[in-house]
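Both of the next two complexes hold chain A, though its partner changes from chain B to chain C.
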Partner chain A sequence: MKAYIAKRLAWTFFATWVTLTITFILMDLSPISASGAEFVDQQVQAGMDADEARELYEEQLGYGDTMWDRYVNFMVGLATLDWGLSTTYNQPVVDVIANSWIYSFQYVFPATVISVVLGFAIGLYSATHQYTREDYAATLFAFTGISLPNFWFAIMLILIFGVYLGWFPIFYSTEHGLLSLENAHQLVLPVVVLSTSAIASEMRYARAESLEYVHAEFVKTARAKGLSEGQVTVRHIFRPAMVPLITILVGDILGLLFAGGYVIEVIFQIPGLGLVSYEAIIQQDMPLVLATVLVPVFIAIIGNLIQDLCYTILDPRIDFGDR
Partner chain B sequence: MSTDTDSKHADVTFEDIDWEEYDGAREFTPLMLAKILVLGGITLAWVLDWQFGSHRDPLFTVDPAGILEIAPNPGNVEWLFTLTIAVLFFYVVVPLYLNPRMTRHYWREFKKNKAAVVSLVFLGFIFLLAVFGPFIFGRPEIDITNAYQPPVFAGGTWAHPFGTMQSGEDVFQIVIIGARVSMMVGLIGCLMIIVLASAVGTTAAYFGGMVDEVLMRFVDIMLTFPTFFLILYVVFLYGGDLFTIILILGLTTWTATSRLVRSEALQRNEEQYIDAAKNVGAGERWIITRHLVPNVSNTIITAATLVIPSLILYEAVLAFLGFGDPNVWSWGRAISVGRSDLQNAWWIATMPGVFLFLTVLAFNFLGDALRDALDPRHE
Partner chain C sequence: MTEQPLLSIRDLKTHFHTDDGVVKAVDGVSFDVHRGETVCIVGESGSGKSVTSESITQLIPMPPGEIVEGSVYYDGNDITTMTEDGVRSLRGSQIGHVFQNPQGALNPVYTVGYQIREAILSHRDVSKAEARELAVELLEEVGIPEAPTRVDDYPHEFSGGMKQRVVIAIALACDPEMLIADEPTTALDVTIEAQILDLFRHLQQELDMSIIFITHDLGVVAEIADRVVVMYAGKVMETGSVEKIFENPAHPYTKALLECLPGQAGLEPIPGALPSVTDPPNGCRFHDRCPYAIDMCRTGEQPPLHDLPGDHAVSCIHYEDGDGDLPELEDVDRMDAAIGGAR
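Presenting the complex of A and B:
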C-alpha cells in the first residue's frame, strides 16, 4: 500500500512536469510567445515607453533570450508562485486569481452537490426500475441534458425568466454580500444551468454502473434472505457501483463544471475565474491566460491523485501491481 | 518474410510466400482504382488550389435564374470536407452496399431503436442542407432595410421564414451555413480522430512493451489536461480560421478513443487467427492492417461517433465566446449576436440554438444506437 502511494505520488510529479513542459512548448512556439525583442516591440507599438516595456518583460513568466533560459525561468517562476504580472489588472496574476476564485466557487460548489446527489439518486432509481415509464423519462432527460448547449440554455432561461417573467436578474451584481439572500437569488439560474448537464451525465453513468449489479447473484441472495428493497438497493447495488463512479466524478464532472462555468460566467458576468480568463484572452494578457488555464489543470491532477487513493480505500480488492 | 529457406528445403517449405506481393496484388480491383482516383484527385486538386489558386475570388460564378447560385470558393476546409465525404462514401456506403446480408443484419438491430431512426432521418436532412443548402438558398448578406423582421410564425413573411438580424441578415440562411460549419467540424474531426486513435491504439496494443508504455502514458497525461481548457489555450495561441480550429479540435480529442481502441486491440491480439497469421509468416504491417484494424473497427466507429456531439459543441462554444472564425457564420456566433438582442428580437438566439440542440441530440441518439447494433461486446 505504501509502495503504491509512493509510486502514485512520483507519477503525479512526473505527469505535472510533462504537462507544464507541453504548456511551455506550445506557448514558446506560438506567435504570441513572450520571447525577447518581439514582446517589447509589441508593447511599444501599443503605446508603452520602451524602458517600461523592458521592465514589464522581465516581470513576465518565462522571459529570457534562449528557449532554455525561458524554460528554466518558466518552471522556477511557477514553482515559486511568481506567475508574472497581469497587464489588464496591473497586479500580480496570483493576486487576481486569489480575488476571483470565490466567485466561481460560490455557485460551482452548490451545483456539484446538487448534481451528485440528484444524479446518483435518479440513476439508481432508473436502474432498479428498468424499462418502466419513469426509466424512459429519466433516459430522455439524460439525453436532453447532455445535448443541451450550456450557453444556449442559459440564454433561453434568461429570455424566459429574466426578460419576460422578470423573476431573476439578467446580470450578476457584486453589490450584494456573498452570503446574502439576494446573492443566492441571483445565482439560481447559473446553478440550474450548470447542474442540468452534470445531473444528466452522472445519472447516465450511475444507471449503467448500477445495472451491472441489479441482476447479480449476490443481490438475489440478499433478497432471498429477506432484506428489504431499500437495504438491497443501498448496500448491495449502490455500494459496489460507487467505486467506478468516483472515477467519473473527478474526471468528467470536474471538466464539465469548469467548462460549463466558463461560459456561464461570461453570460451572467460573474467575476470568477472564467470571466477573468475570458477577458485575459480578449486583452491578450498572456500571464493571466496561462494562470487561468493552469488552475483547472492543477485541480484535475490533484483530483486524479485523490481519486486513485480513494479507490484503494473503497475497493480493497484493487491490485497494486500496476502503477 | 525472413524465413529460413535453405536451398535443399526450398521446395518443401510453405513459408516462403511473399506476403508483400499478395498485399500489392490484392488491391487492384475497379473499386480500388476508383478509390485511388477520387481520393487522389481531390488531394491533387487541393494541393494545386493551395499552390496556385487565389483563395479570395470564387473560381466561377453561375447565376442563371436567380434561384441557383454556384460560387465555390474552396478554402482548405472545403477541400478537407470534400475529402471527408469521399472517404465516408468509399468506406461506409460502398461496403454496406457490397455486403447486403451484413447491412440487413445491422439494420434489423438498428431499427429496434425508434429514436435513432428518427435521428438518422433528421441528420440526413441536415447533412443534405449543409452540403447543398448554401448553393440553393444563398448566403446571408447585410441588408439594413430589413432589420429585425420577425419569423413567419410570429407575424413575419415567408421572405424571411426565421426572421432577420439587426443588420438584416436572414436567420434561415445563417442556420443553413451554420449547419454546414457544424457538419464540417463533426465529420472532419471524427475522421481525424478515427485515423489518429486507430494508428496509436493498435500500434500500442500490437507492439506492447516500451512502445505501449510511452504511448499510453502520454495519452494518460493528455487525458488529465481538461479538454476544454486545452482547446481554449491552443486556440488562443494558434487559432484563427475554421481550418485551424478543426485541426486543433481533432488533435486534442483523439486520446480517449485511442485508449479504448488499444484495450479492444489487446483482446483481439490474443485471438488464434493472429497466431495463425504469425505462424505462416505474415509481417507486422500485414497483421495490423488486415487483422487488427478490421476487427476493432466497430469499436473505433462507435467511439468516434460518440465524439461528434462534443466536437460540435466545442466549436459552438468557441464561436459563441468570439474565439471562432470571424468570417464564418457558425450557430454559436449567431447565438452570441442574438444575445444582445434578447429584449426585442428573441428569434435570433433561439432559432440557431434549436438546430444546434437537435443536431447534437440526434448524434447522441445515433451513437448510442450504433453502439448497440455494431458492438455486441459492449456492456
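Presenting the complex of A and C:
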C-alpha cells in the first residue's frame, strides 16, 4: 500500500510536469500578444523606434535567452510562486489568484456539497423505487436540469427573483463581509444555478450505479438477515455503488463547477477565479490566463490522486500492491 | 403427527404483475413442515419452488410480486397478515435463508465477519466484541478452518464452497428454528456438494432445526429429506414421506421425474415443456405431458390432494377414491370412450 501511494505520488508529479511543459511550449510558440502590441504602441508614442520597443518587450519577457533558459525561468518561477505580473490588475498573478479564489470557493463549495448529498440521495431513492411516480418525477427533474443552459437559467432566475419579485440582488456586491448574512443571501441564486445541473447529473449516475445492486443477491441475503430497508439501502446498495461513483465524482464535479463557474461569475459579477480568467482572456493577459488554467489542472490532478487512494479503501478487491 | 406444525402453508398464491400479464408463479400451494424435519421441495426450473420459499418471509420483490391469497402460519401466527416490522423480526432470527449462488450472496465490500455480525446485531442485544466472538464460533461451527483470522477476510478471498459455508453461518447466526435453503448446492461442484449436504445433516442433528430444502436433484432428496413436496407449474402434485415418494410414487409427474434419474432403466426424458404461467391450462397442469391423461384431466381445476395410505397425498384424478393406481396405458383411451359415452 505504501509503495502504491509513493508510486501514485510520483506519477502525480510527472503528470504535473508534463502539463506544465506542454503549456510552456504552446505559450512560447504563440506570437506577441495584444498587451505586447499595446506596450510597443506606448513606447512608439513616447518616441522610441518600433523595432527597439519590440525588442525591449521581448527582453522583458525573457525572449533574449534561449528557449531552454526561458523554460528554466518559467519552471523555477512556477515552483517559487513567482507567476509573473498581471497587466490587467497591475499585480503579481499570485496575488490576484489569492484575492479571488475565496469568491469562487464561497459558492462552489456549498454547491458541491448540496449537489453530491442531494444528487446521491435522490438517485438512491429513485433506484430503490424504480418506475414509481417519484422516480419519474426525479428523472424529469434530472433531464430538465441537465438540459437547461446555465446562462439562460441564471438570467431567468435574476429576472424572476431579482427584477420582478425583488427577493434577491441582481448582481454580486463585494461590500458585504464574506461571512455575513447578506453575503449568503446574494449567493443563493448562484448556488441554485450551479447545483441544479450538478444535482441532476449526480442523481442520474447515482441511480444507474445503485440499480446495479438493487436486485443483487447479497441484497436479498441482507433482507433475509432481518435488516431494515434503510440499512439494506445504505449498506448493501449505496456502499458498493460508491466505488464507481467516486470515479465520476471528481472529474464530473470539477468540470461542471469550473465550466459553470465562468458563466455564473460573469453573469452575477462575482470577482472569483472564473471572472478573473474570463477578463484575462479578453485582455490577453497571458500570465494570468496561464495561472487560472493551471489552478483547476492542479485540483484535477490532486483530485484524481485522492480518488485512486479512495478505491483501495472502498473496494477491498482492488489491490494495487503488485503494480 | 398430532403436534402443531412449525410452518403451515395453506393455499398460497403468489403472482407477479408483469407487462405480459399476471404470472401465477405459485398458485394454491399447501404443505406443512414439522419441528425437526427436513422437507424437500422438488420440481423443474420454473415450477415455483423458489417463489414459494421466498413467499414465506416475503423476500420476493413486491411489487411486482404479490401474495394474492392464502396463509403462511409460523408457530400458529399468520405471517401474511403481519406488519413489515413483524416479518422482519422473523427473518434471520426465527427463519434463516441460504441461497443458490454463494458467489453473489455475499457483499464484496464487507468482511465476512461484518456480514455475520450484522445478522447477530440486528436481532440480539450484544456488544460488537461479543458479536465478533459469536461470528468466529459460527465460522468454526460451519467448518471454516482458522476462523479467528478468516473472520476479517473479504468474500473474494474464499472459494465457492467456503462462501456457502459463510452464508450458512449467517443463516444460523441467531439460532433459527427453521432454515430455508434454496438450491444451496446447485452452484457447487460435486465433492463440495457432498460436504455441504453433510454439514446440513450435521447441523440439523445438532440444532434440531426444521429445514426446507429446495432442489431439482432427486439424488439430493433421497439423501437428505424426511418428506417431499413435488411441485409443477405453481401447484403441488404430490407430497409424502421420502419412502413413499421414492418407492411408491403416485403422480405420473413424480414417476416421470424418477425415470429421469440415471439408473438401471436408462434415462427417460419427459416430453414437452412447462405450460404457460400467464395462461395456465384448464384441469391438471401436467395433462399436456401426461401419458395417463383422460378427458376429465383437461377440464376444470387442478384436482385436490387426495389422501393415500400413510403419509402420502397426490393431486391426480386417478386416485380420487383414496387408493387405486394409475390405469394401464392401453386402457387410457378406452376410459375416455366410456366416459365420453356417458356424456
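For this structure, a couple of remarks:
Keep this in mind: the second predicted complex is superposed on the first by the 286 of 323 C-alpha atoms of A that agree within 3 Å, B and C clash if a C-alpha of one lies under 4 Å from a C-alpha of the other, contacts with A are read in each partner's own complex, and residues count from 1 in each chain.
The working rule: contacts are C-beta pairs under 8 Å (C-beta built on N, C-alpha and C of every residue); 3 or more make two chains touch, one makes a residue touch a chain.
Note that the structure is predicted; figures quoted are calculated from it, not measured.
Because the two structures share chain A, they can be overlaid on it, and in that overlay chain B and chain C fit beside each other without clashing.
By the touch criterion defined above, A:V191 reaches neither chain B nor chain C. Once chain A of one complex is fitted onto chain A of the other, the partner contacts of A:S228 are limited to chain C, with no touch recorded for chain B.
In the superposition on chain A, contact is made by A:V289 with chain B only, not with chain C. When the two complexes are overlaid on their common chain A, residue A:S147 makes contact with chain B while staying clear of chain C. By the touch criterion defined above, A:A206 lies against neither chain B nor chain C after alignment on the C-alpha atoms of chain A. When both complexes are overlaid on chain A, the residue A:I122 reaches neither chain B nor chain C.
Shared-chain residue A:A111: touches no atom of chain B or chain C.
With chain A as vertex, the superposed Cα centres of chain B and chain C define an angle of 80 degrees, given in steps of 10.
When both complexes are overlaid on chain A, the residue A:D315 reaches chain C alone and has no touch with chain B. Minimum Cα-Cα distance between chain B and chain C in the superposed model: 13 Å.
Chain B makes touch with chain A in their complex at residues 220-221, 223-229, 232-234, 236-238, 309, 313, 316-317, 320-323, 332, 335, 338-339, 342-343, 346, 349-350, 353, 356-357, 360-361, 364-365, 368.
Of all residues in chain A, only 215-218, 220-228, 231, 235-236, 239-240, 243, 314-317 touch chain C in the complex they form. Taken in their complex, chain A has these residues touching chain B: 15, 18-19, 22-23, 26-27, 30-32, 143-144, 146-152, 155-156, 158-159, 163, 251, 254-255, 258-259, 262-263, 266-267, 277-278, 281-282, 289, 293, 296-297, 300-301, 304. Chain C meets chain A in the complex at residues 57, 59, 61, 88-93, 96-97, 99, 101, 104-111, 115, 118-119, 122-123, 154, 156, 167, 170-171, 173.
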